[in-house]
Each structure stands twice: as structure tokens, then as C-alpha cells.
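Paired with chain B in one complex and with chain C in the other, chain A is shared by the two complexes that follow.
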Partner chain A sequence: MVENRPLATFVTHAVLIAGVVFLCFPVWMALVASTHGPEALSKAPIPLWFGDQGWQNYRDLLTTGLPEAGGVPVGLMMLNSLIMALGITIGKIAISLIAAYAIVYFRFPFRMGFFWMIFITLMLPVEVRILPTFDVITRLDMLNTYHGLIIPLIASATATFLFRQFFLTIPDELVEAARIDGAGPLKFFRDILLPLSRTNIAALFIILFIYGWNQYLWPLIVTTEENLYTVVMGIQRMANSGESLPVWHYIMGTAMLALIPPVVVVLAMQRLFVKGLVESEK
Partner chain B sequence: MATVDLEGLGKSYQGGVRAVEGVDLSIADGEFIVLVGPSGCGKSTILRMIAGLETVSDGEVRIGGAVVNRLEPGERDIAMVFQNYALYPHMSVRANMAYGLKNQGTPKDEIARRIAEAARTLQLEAYLDRKPRQLSGGQRQRVAMGRAIVRDPKAFLFDEPLSNLDAKLRSELRTEIKSLHRRLGATFIYVTHDQVEAMSLADRIVLMNGGRIEQIGTPMDLYARPASRFVAEFIGTPPMNILPAESPAGRALAAGARLPAGTEWLGVRPEALAPARTGGLTGQAGLIEALGADMLVHLIAEGHDHPVVLRLHGAAEVREGERLTVAPEPGSLRAFDGEGRALAAAKTFAKRLGAQPRAVSCGRPAT
Partner chain C sequence: MKRVVFRSRWLPYALLAPQIAVTLIFFFWPALRAIESSFFIEDAFGFAREFVAFENYARLFADAGYLKSFRTTLIFGVGVTALAMSIALALAVAANRVLQATTLYRTLIIWPYAVAPALAGVIWFFLMNPSLGIVAYWLDLLGYDWNHYQNGDQALLMVIVAAAWKQISYNFLFFLAGLQSIPKSMMEAAAIDRAGPWRRFWTITFPLLSPTTFFLLVINFVYAFFETFALIHATTSGGPSDSTSILVFRVYQTGFVGQDYGSSAAQSVILMALVIGLTVIQFRYVERRVNY
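So, the complex of A and B:
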């Protein structure tokens, strides 16, 4: 690739730029659509450039309760989504860190049995176990609550497995040095294991946050009150508004707003992530 | 600083591996003990039992007179230096050294004072704020030593600390460890499989074989008076020559010497063999290794299939293929029984030898 061939360079760039345009086009369309009035998108030449309604649309979305979305402002739905996604992410990371720590560093009866049990749950996604889970949540009186939204999704075999694999790569001598330095199990976890897992935590944070943010089926089932609706549900409701015309400008605006938190998380964590990769030993 | 005593120490690993068996050892306060032996002989296991990283299956470990079998490593007041450094990768050099003290609840200014002192001793002052990955192997191992020093422990444990370093650095750090021991006057227990390290560092060497102690003694004890064939062949490069006493070569070597009853094997150090006019072992000089100060001649003796190695002065004039007759210096012949145990030294008849003092007989041009 160091050869200097203008034609090849040109073709390479053309192909890459075409790819970028192809990937970004839907996002661009959504962004443009969110700045027009409701009719612009139902008529033949779909606008490709910004309209003049943008300000107005977004203010409506964030502050007023739209009847199409069940009467709650998108701002509230975003907040709900954020609470749910953060709860799921932090919960998943905390629990899987602790579970992996137990499995790797402690000798207790049926240790491998527990490990395989956790591992097997990998094969049971939310959708498969949704009925029993719903039943449990109902009996525990957790319908229409934040913890009802979060707790059933909080265990993660994948994350446990990843942390386990990472912990296994930490040399035994490090554990032994810490023991000689008088660090008990909790100190070792806090002072050595956690800081060393930083990169892994950052990477998982991104994946799990997006997973939590995009949850649709579960929130749909456990929430019946509008003020607990998440933004993904909101979009769906607006799109299926029955008889009346879908309010495309609002839908697209909501979609744009719903993009922001995941993008922020990716950018913030990526910095940590890259730093961790560069810093890690050899 | 304290004594360390091992009594009837034994270790069985899961699956019935018997790694250590009946080890008795009393280490004096301030002594430098080196555990040496071939790979898998249980050196690390003993060290790790002293440290508390392995449970003790049988016997007792006492540090400063108190039984520590059930204490956590952190409660034993020992420090350990590992082969691959085992520094905390995310902490600076300073934090690495401070960690153990912090866990003990040492006051901040005391920690700072001790780190400054250790850094000065080990010439680490310029690196205190670096992370381990920004240091060379030798510097990392010095940090690991610093981490041990600041703790001011009752005993220092080293598990092959120099094995990952190149030869030059190894000998540099070896001297450093030796002078550190002299300055601190603390009890050092050091594991290595390198007999040069063992010889140059130890006050006393503990030579292990298959989980048991083969011999305990000063380096010169082990070298000059090996308790068994195993010790004779382990200590010294090249090792002691061993010949069957009843072979023609063995008989030639022992000519004129009175051998203890039951002698099956004869041993003689390469430097204890000197060219002689009469008597002794005759053979043809095979491979010659010139090492500068001296040379190693592999003598192919008649009736003996392993070459007998002799160490001559570097200026000796010996050519490959030349016929040589060599005889052991008086009192240098070792006798071993069928099990390889040493018997009382073979008495050599002083009168017999045309062998003159070695320096003269080394084949220097006659003046």
C-alpha cells in the first residue's frame, strides 16, 4: 500500500467514501426529516436538506407530552431509558465482576458446577424466559417500577464469562505478591483486580449500555404507566399510531435524540478503552 | 530479622504428588541460605510453605520461634521476590513499594522515608514515578527488591529472582543482593537452580534432590566434601568425574590409593587431576575447551566410555590426540558406595606420585 499509484488511490478513496455515504445516509435522512413539518415527508420528493421546523419540533418533543407518544414528553422517556440502561449496565458489570471473582479466586464446593450453571444461562435470552420472569416480577409486586425494569436483566453470563477469562490471565504471582503485602480478598479486589480490569469494564460498558438502551420487549411488558415508558417504546408507539398518519417528523426527532446517549457513552468509554489498550503490558 | 526453622516439613499436592519430604532445617538469624537443586526437586514448594502461599502438609514452619503454619502470608512478616517480578502493573514504582506498608497501616511520612531510603540503596530514585512497564527487567527486579526492603521483614524470600535476566545483569544483581544482605543483616532464603549463584551467595547451601535434602553445608563443604555422588555431580562446572572403581580406568586412577571398603565409584574434581610421569590414568586428549584462564581437556581414557575432564592452566600446551597420563592430587580422590553415598576420603599414598605440585606439572615450557 505504499506504492504511489494515483488511480489506485483514487479508486480506494472512492470506494471508502461510497461506503461512508451509504452507512450515513439513513441517519442523515432522519436528521433532515426531523426538521420538517409533518406533511413534507408524506409527499413525493422527500427533502434531502434541512427544513425550518427543527427548533420547533425538538422543543415540542422535549417539553410537551405528545398524544401520539402516550402523552409524555420525550425528555421523560429519555430519562427512563437512561435510568434503565445505566441500571442494567452497572448492575451487570458489578454482578459479573463479583461472580467471576468468586469463581476464579475462591475454592468452594461445586465451584465448577456454578460456573457451568452460569454458562448455560447464556443460552437462555430474555425472550425465552420471559413468561416465568414476568410471573416472578408480578408476584414480587415489581410491575411499573424501575427495579422491575432493571433487575430481571441484570445478570449476565457473557460478562461473567469474559471477566473470568480475563482474571485467568492475571499471573498467580500477582495474587501471591498481594497476599504477602497483606491484602485480603476485598483489598485485592479493590486495589488490584478492579484497576486491572478497567479496559474490560470500559468495553463492556459500551456493549451493555447499548443493550440496555435498546431493550424493547421487557419494558413493554412490565410497564403500563406512561411515565415509565422508555424512548424505544415511545418511538414504536408513535410509529404505530393507528388510524392517523404517522408523525414522521417527531418519530425521526425522537430517533435522533435516542441516538445521543449511546454516542456519548461510546465516545467517553472509547477514550478510556484506547488508553487501557495502549497502557497494558506488551 | 529472625530465625526460621523447618521441622519434618512435608508437602503432598492434590493427586498424591509428594513434592517435599521430611525437611529439617534451622536457619540462623541473619543467615543467607540458598536452596538449590534440579528442576522439580521442591525448592519453590519449601519457599512457598515458608511464605504461607502453600499449606503445610506435615511438620512445622517456625519464624522467630513461633509456629506460623496457620498464619496468612501477610501475617508472617516476610517479603518475597518472584522470578517474574510480580509488580502491580497499574501502580507506579512508589505505589508498588508503598502498598504493603499501607496495608499495615504505617504512617504516611514513615512510608515516604522508607521508600526514599530503599530507592537510594537500589538506585531507583529516578524511576519512582514510572510504571513497571516503563522499566527494564533489571530495574523491575530492583523495584521488587525495594518492595521487600521497605517492609523490613523478618525474612526475605527469593524464588529464582535472576532467572529472567541476561548473564551480565545477573552477575551484577547477584553482587547487589549479596551486599544488600551484608548491609541489612537480615535472614535471606534464596531459591535457585544455578549452582554458581548458590556458591557465590550462600552462607550455607541446602542441596535438594527429589523433595529431600541431600546435603546442607557451606559452599566449600559441598564442593570439597560432597555427601553423595548427586552432590558431587551437581556442584562444580564441569562436575566431578565419576568412574566405576572396578573398571580399568578406575583402577588406574586409584593406583596406589587405599580405598574404603565398599567403594563402587571414584570421584575426582577436574582441577585435582594433573599430568604425571608415572602411574595414574592414561588416555588420549580429545576435545579441548580453552576458557582463557584455564582449559578443559576431555581425556578419552582406555576402558572408560565417558571422557574424564581435567582442568589445566590456560597456558598448558596440550594438543588434541596427544597421549596424557594424569594422577589425582593427594587426598583429592572421593569414594562412593553403590547407593552413591560418600565414604571416607580415599587415602592416597604420598610416596607414590611422580606428581609434582600442579602449577609446575601443567606442561608449561620447561625453563
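So, the complex of A and C:
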């Protein structure tokens, strides 16, 4: 702080607290609503403090699920989300690491051509090419499978770039030393490059896990079997449950279950998360 | 560029193969097919198709609904970007001022980044529900009648607020990083010259933040245009009467619900051109840095 102004300090804290309230309030209401029974949520104003139905609501959700959402237990949906998120994350990191390694540490024909091919994928989010991609998946017979959920999303220009930038900062002497000691390219990659990339991999892991967990459109069109529903996508079936009234206590409970894993990851690994986010977007 | 490299005839290709295979099969092939089918009209069963050149595009631009969707998308994009960036900037400036508590506030502000847009939408949908939502109830006490099931403008406002709510934490982190890189000595010099906090913000902080601001502008527009599909789909489904039907939602709607393959493909191509344009702008200007 440059100078001491009590009024400015007061305003600063007021702004911050207002912001935090604005950000937290919706989730607070969702959490509160998920602990009430349907009667408390049938007319306005709804309660602002917890009810006593919490355990029962969450137990119902996790074990039996809702008929409105196809009767799939939310526990199963969360498992599907976890498989998809981990598959996408690990897949993206693995293929980006080796692609960046090839581009940085080898000279071969069409090197830059491949580089630009990967670069261009940055520009084509799945939302804009949804129908033809669906068509491709149908032809490859990948509907309603885990690999259909995962593989189309694992190409990653961002991750490849991040690793490329990082590899470029590694001193050439390391490669020379490794070569003098008789290490081949694969041994160098495994024993020197991978251990050095640990922090970058961890930071990227957080960002990509959130990306994978929060996928919506892709699971929506690739899965028609209820057993493969993911939780972020499955909630939509409850909110738009046709003729019957939406069951808000269950919907908000599901919303809480869907947002807790990624939020916990962000908060628990805050330092790595900030590093990963700020660096992967540069 | 590395001076020392490994030599191998086949290894680099093998290392690149998985990434390139996924790219070819799930990016290039669909993109080319989208371009191809945008020139055809296909019957609903996919048996026959007819080459129509630019008719799909011509039909789109003659369609009042599609043009309205452009307008909706623009309002939505500007609304989300303005709201999410201004709140985030205010919070970042404030968080940068409180020295000891910055980390605490940062923790309290960044977590919505992890909330999926669909969930943000559903939660706000609940808060604003005309019959039992708490915010709608408060608005009612203030004498304001809220019903986003009937009022299109209110529905659009609701999805803008929900989308911006989720994006604040992202912008906040980048603004805070930008603020922390501004040298303290500059502020002190200005303070010695008797420039107050307000004046210092507009003459020093804001111009020095312009690269961050520009980068975030592009990112926020891309977010609002493309990543909010889930938010719209899980809440308003484009309604009431198409008032929240943004372009990405329309591609899906035309293709999967309306089964109009050619039109959906043409819309895809237009959107791809839009993303490529935005990305090019981002790289040309962000690389060069905004001058001040």
C-alpha cells in the first residue's frame, strides 16, 4: 500500500466481501435447498438455513437415483464422470508429452507441418462441429462406450504448447551429457525429461481434470444409455423433467455432488492450479 | 530451437502418431465434412442429397430467426464479458490492496472456476425460479415482477448473470497476476506527485493492464460464444420463443432436433470462421502486446 487511508481500506474490504457474497450465495442456497424435503421448497420464500433431510436426500441420490433422470444413482454418474475426467486428463497429458518431445528434440521432414496441424485444433471447439463429429463417432461404432467419451477429446494443442515451451527452456548440456553417457532418446525422455516435467504435469493435471469433469455436450450426444450418464450432463434431465414438477431438493443435491470434486481439487491444490491456469493460457 | 537433437528415422513419427491420429479423425475429418455438407441438402433419412452450392448459406442469412440469433449472441457476449470483467477487475484491484489478506480472498474468489457452466445455469435457474426462487421473491418484494418463462429479456439477463458469475474467478486470477507485476515504485512515485488512488488507477494501473485486458476480452468472448452451450441447454433451452437461442445452441438445435443437416453444417462453418478469426486476432495482438 502506498499511503494509509482508512476510508479506502474500508471500501476495499467492502468490495471484496460483497464480491465473495455474490460468488458464494448461489452455492449456499443450493446447499441449503439440498437439505430440505419437498414441502419446504414448494412455496416462496424458501428457507435460508439448513433443514434436517440432508442425509436422507444424499443417501437417496447416491444409491437409488431419480426416476426423472432415468433412475440412475448419482453415485454411478459420478463414477462415470471420474472415469471420463481421468481418461481425458491422462490421455491428453500422455500424447501431448510425446508429441512435444518429438517436435523439440528431433529434426525430421514436415516437422512444422505437424506442428501447425496440432495448432489448428485449438480453433475448433467441439461445440461448433458437433454434428459431423457425431457422425464420425457413429461410423466408428463408438457410441455408448467409454472410449467414445474419452478419445475424441484427448487431442490437446494447449498441452502440447505448454510442454514444448517447457522443453525449450531445458539446457542443451543435459542432452549432451546424456548422449555422452550413452543414453538413447527414449532413456533420456524417461529418466531426465519426465522427472523434470513433474510440476508442469501436476499443474496441467488440475486444469485438465476440471475440463474433463465439466464436459457436457459430448456426453450428451455420445451416451444414450443411462448407465453411462455423467453427473454434469445428467442433472439436465432432472431440471427439465417434462410434465412433473422439478424436484429441487434432489436437483440441488446433485448439483452439489457434481461441483464438489472439482472445487475441492482447486482449493486443495491452489498454488499448482494458479500456476497451471496462468501458464497454460500464455 | 535446440542445437542438440536426437537422430532417428522413425521415432519422431511414432511419437507424434497418437496426437496426429486423433487430430485427423476427430478434428479435420469432421471439419471437412461440415464444409462439404454445407453445400448439400440432404433428406431426413440420408438417402439422397443434392448439391445446392451456397443455398444453405443464403437461406440462413434470409432467415430472420438466424439473424436474431446473431443479435442475441452479440448481446449475450457483450453482457457476459462486460459483467465478468468489470467485477473481476474491481475485485482484483481490491485484493491487491489488502496485503495480508490477499491469499484468503483469492481462495474465496477462485473456486467458481471449477463449477461447470451447466451447474452454474441450473443453480441460478433455481434462484430465479418465479414461484419459489429466493432472488425472484426478493424482486417481488421490491415490486418487480420476474418471470423468465414468459419474458425473453429476463431469460437472457438470467443466463448472462449465470455465465458471468462462473467466469469472474478466471478473470480475477489474470487481473491479479497482471496487477502484481506492476512495479510498486511507479505507484509510489505517482503518490509523491500527489496523484490520488483514483487518478493512479486510470493513469498507471489501467494502461499497464491493457495486455491482460485485451487477452481476457478475447477469452471471454470465446467463452460466451462457445462454451456456454451447456448453460443454455440445461436451463432455458433457447426459450422463451428463441430469446436465449445463441448461435452454438442453434447449431445443435437445427442439427439434432430439426434434422436439417445442411443448414446445421453451414452454421458450423460460419462459427468455425468466427473462432478462427478470434484466435487470429488473439495471436496477432497478444504476441505483439498492446502498446501504450
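One rule holds for everything that comes next: the second predicted complex is superposed on the first by the 248 of 282 C-alpha atoms of A that agree within 3 Å, B and C clash if a C-alpha of one lies under 4 Å from a C-alpha of the other, contacts with A are read in each partner's own complex, and residues count from 1 in each chain.
Following the convention adopted for this analysis, a residue touches a chain if its C-beta (ideal position, glycine included) is under 8 Å from a C-beta of that chain, and two chains touch if they have at least 3 such contacts.
As the structure is a computational prediction, the values presented were derived from the model and not from experiment.
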Problem - Superposed partners chain B and chain C on chain A - clash or fit - result: fit
Exercise for the section: Tell me which partner A:Leu196 touches in the superposition: chain B (first), chain C (second), both or neither. Expected result: first
Exercise for the section: Specify the partner with more touching residues on chain A, choosing between chain B and chain C. Expected result: C
Problem - First (chain B), second (chain C), both or neither touched by A:Ile221 - result: second
Exercise for the section: For A:Pro45, select first, second, both or neither according to whether it touches chain B, chain C, the two together, or no partner. Expected result: second
Handout entry: Partner chain(s) touched by A:Tyr229 [first = chain B, second = chain C, both, neither]
Key = neither
Practice task
State whether A:Arg179 touches chain B only (first), chain C only (second), both chains, or neither.
Solution key: both
Fill in the blank from the handout: For chain B relative to chain C post-fit, closest CA-CA distance rounded to the angstrom comes to 7
Practice task
Would you please give the residues of chain A that touch chain B in one complex and also touch chain C in the other complex?
Solution key: 176, 179, 184, 281
Fill in the blank from the handout: So, in the complex, the side of chain C touching chain A is made of residues 1-8, 11-13, 15-16, 18-20, 22-31, 33-34, 37, 87, 90-91, 94-95, 97-99, 105-120, 122-127, 129, 131-134, 136-137, 140, 165, 168-170, 173-174, 177, 184, 187-188, 191, 197, 200, 215, 219, 226-227, 229-230, 233-235, 237, 248, 251-252, 255-256, 261, 264-265, 268, 271-272, 275-276, 279
Handout entry: Residues of chain A defined as touching chain C within the complex
Key = 1-3, 5, 8-9, 12-13, 15-16, 19-20, 22-24, 26-27, 29-30, 33, 41-46, 48, 94-96, 98-99, 101-108, 111, 114, 117-118, 120-125, 127-136, 140, 151-152, 154-155, 160, 168, 172, 175-176, 179, 184-186, 188, 210, 213-214, 216-217, 220-221, 232-233, 235-236, 239-240, 248, 251-252, 255, 258-259, 262-263, 265-267, 270, 273-274, 277-278, 281
Problem - Contacting residues of chain A [partner chain B, same complex] - result: 171, 173-174, 176-184, 187, 191-192, 195-196, 198, 279-282
Exercise for the section: Using the touch definition up top, name the residues of chain B that touch chain A in the complex. Expected result: 51-53, 72-75, 78-80, 82-90, 99-100, 103-104, 131, 133, 147, 151
